[in-house]
């Protein structure tokens, strides 16, 4: 099937992005990512320990994955730009997920600083995926700033609360030409499927997989759910009706 | 994996039940059922044309499927019993889905008549799957009456409105030992996944598949979604939180 | 305004029914009921202590209220009938709310036994208000059995979970000619308003008022919310739109 | 009761703000606003026809109301500032609702331009109420910029879709010290009550009232619903439970 997601110049066959945070130990990361069939994996640059290879999370990410270092820890555009450059210099490639967060409680992004960082990094050749609060005008500005995708949050990071911003995300899907990757908040496969059925181009799931009792099984479940949602979107879901409509003929079978 | 659903004495590997109603033509039924990986397929006995084999819907159901004839058209327990016996005599096997419906608008079942029919047919050796409005006391009575499973509706038949009776279905899942198969109303794969994540044992989907633009793709989507929901249920979904919880460490990366 | 609810032969001006259970003490009941403007008040017959007037809950119900004794504690139709007769003999009038419950965890009603009790008591001249799981066929049978209203649950008693059975209650409102009084589960004024906006004829609220920190203020809030919902229903709520529609003209103010 | 909302230096007794757009004719505006008990009324400055008094909407706003002219039509901060100054010069007072919108389909605000306009106008002595997409970081910047309140949208203007941004608005209520006035999207009194129960300080409702069949009755309904929601918030709504909890004692009444 030729239904591929294009970000930067890359054609991606899989629409489930994953992360490396919050796992009980790093040893289970490779099998989990494989079970998810994920080809884009985010990790916080600050967690990358370049001095001690056995502790370096990058060594646990399968080779065929595109690294998506994120700027977690940045509180301003300037800090995000510095982290992005460190990541590229360290050999993590030119993809970058921008996270600019100064709110310690809900970890909500600063859209304005994120636009600034996107503009700078896109000009310097990065493939920029900004993490934002869903906002149509912000998404348009990110488009102009050269973003490669827009990553609106479904709910606060790690909250597992699901797609609580559906109304606003749906507008981004309708109005923005860039790929929309729903990031943060998705706690269950059904919620990932729902985002895809709405027409999201991909989802990023980290906490819900990393904190499951069985991370490998949960990764597989999310892979299936994302594919299910995408297929349903392409196959054309049926109309919602107010009355019932018999699957089987209703009346007169014996009475006739 | 040994996670099998047992109904009657049968071990079922697949938890997506399908139907044969509402397809634009019968020729696409076999490929659709195969794409769904469904091993239990319902059909209205009245649609079975025994005289003209090429029009007989049974000929379009793959051989490895368990037939689940339904009593659609019955308005009383007595009529349902008669249809069940005709189905068995005609070689459709001893499984029967009881539908007793006298409401022409919403096609809602008559729980009381359904209990009566279940009791009679269970005594006569049928494997009885009654379709009911979700109601704990009714489900308990069906258990006593010898039902093999309970099939509560998620929303009116064919409405594609989703799992609107979640609150009541959840109670059945918690309190009833019989398999709970959510039947009717499920319009999207995400809704099927949600039912399975809650702990439903299976779902029956007909309209949402049969009326999709691409029935084969939609069948595959539902198959994946049901498996995703089941795996997530077994893997243990994470806790829902009110505040955010960083996937990546938040503060002090550059500032330290 | 002549918008009155007729139950039995009584014209009721207020559509908020209240109860007497779960209050921290009986002394606050009169002021609370007055704040609610409630004219129909339910109480469990078993809690009525006829020997000790100062502990008799009836003495705390304002004189202008219609007493609605309930058969709480009954596990069968027969027990409900006995309790109803005791209530009438004791001077509580001829209204009776039928509760037949044998499930100790969710306190869900037994619809079938409830229909039986309704039929018997209606014939004996009672004004019968049966409490049921929402089910169209059951409501039709209650209509035939002579019920004066139907009281479907919104969620399990005392759960404060809201109108979780909306989909099924809406069908009752559309199809049943008797007054529909949503009973159980309503935890907030907004939920009471929502039930009324849908076209419910009244709501019964007990736990949400009795367990509020300030029962009088909460009673007043529910009174207002019920009136608000009713007025909105009569005033015709606007259409829901998918796109925006400017309240104020959008473009060209300064630019023209 | 001393529960007053303070905006600017004004103490407001009523928490329902209304508007003047979309009414079928201006003659019904005064009675509608009176029925709403609203003391803050917004109108688009551009609709104010200063030359023809009988068409001037201001003449239809009761004298005891605070005028809240809005900058509808502005597409930039600069344009909003100009409109605000015209409004003040024309005698509309020093309150201003900032709307900066360049999206013609969903009419979603431009948060960044709104912050700019807020900063400029607050310095010039205006009482500034900015209309924004709900976003914690934006609300914090508005606080710093000198806003008198924050007006997050519940759904696109005029959509009547309800409080679809609940998750994000709740965070503003928790984290921002300024009054939070939910503006846009509220289509029914129950939704206004829900916003108030969550702790919003006020709501602005225009379309849902102006397009009702009976605007006066709908205004009264919203007034009651807002008061109900506020009272419930102050009275302390009860806890939500997963199991049932009997309002009346359950067992053993007759059996003992």
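Here the chain labels run A, B, C and D in written order, and each chain numbers its own residues starting at 1.
Just so it is clear, a contact is a pair of C-beta atoms (placed from the backbone, for glycine too) under 8 Å apart; a residue touches a chain by one contact, two chains touch by 3 or more.
All values reported here derive from a predicted model rather than from experimental measurement.
Student: When every step has to jump to a touching chain, what is the lowest number of steps that links chain B to chain D?
Tutor: Step count on the best path from chain B to chain D: 2.
Student: Rounding to the nearest 5 degrees, give the angle of the rotation that lays the CA atoms of chain B over those of chain C.
Tutor: Roughly 180 degrees of rotation.
Student: Roughly how far is chain C from chain D, centre to centre by C-alpha average, rounded to an integer in Å?
Tutor: Those two chain centres are 32 Å apart.
Student: Go ahead and note the Å separation of the Cα centroids belonging to chain A and chain C.
Tutor: Each chain reduced to its C-alpha mean, chain A and chain C end up 46 Å apart.
Student: Counting only residues that touch at least 2 other chains, which ones in chain D make the list?
Tutor: 105-106, 108, 156, 161
Student: According to the definition of touch, which chains form touching pairs?
Tutor: Applying the touch criterion to every chain pair yields A-B, A-D, B-C, C-D.
Student: Under the touch definition given earlier, write down the residues of chain D that touch chain C in their complex.
Tutor: These residues of chain D touch chain C: 19, 21-22, 43-47, 70, 72-75, 79, 82-83, 99, 101, 104-108, 156-161, 187-191, 193-194, 197, 206-208, 210-215, 217-218, 220-225, 227-232, 234-255.
Student: Under the touch definition given earlier, write down the residues of chain B that touch chain C in their complex.
Tutor: Answer in residue numbers: 102-103, 105-106, 108-112, 133, 135-138, 141, 155-156, 161, 164-168, 171, 175.
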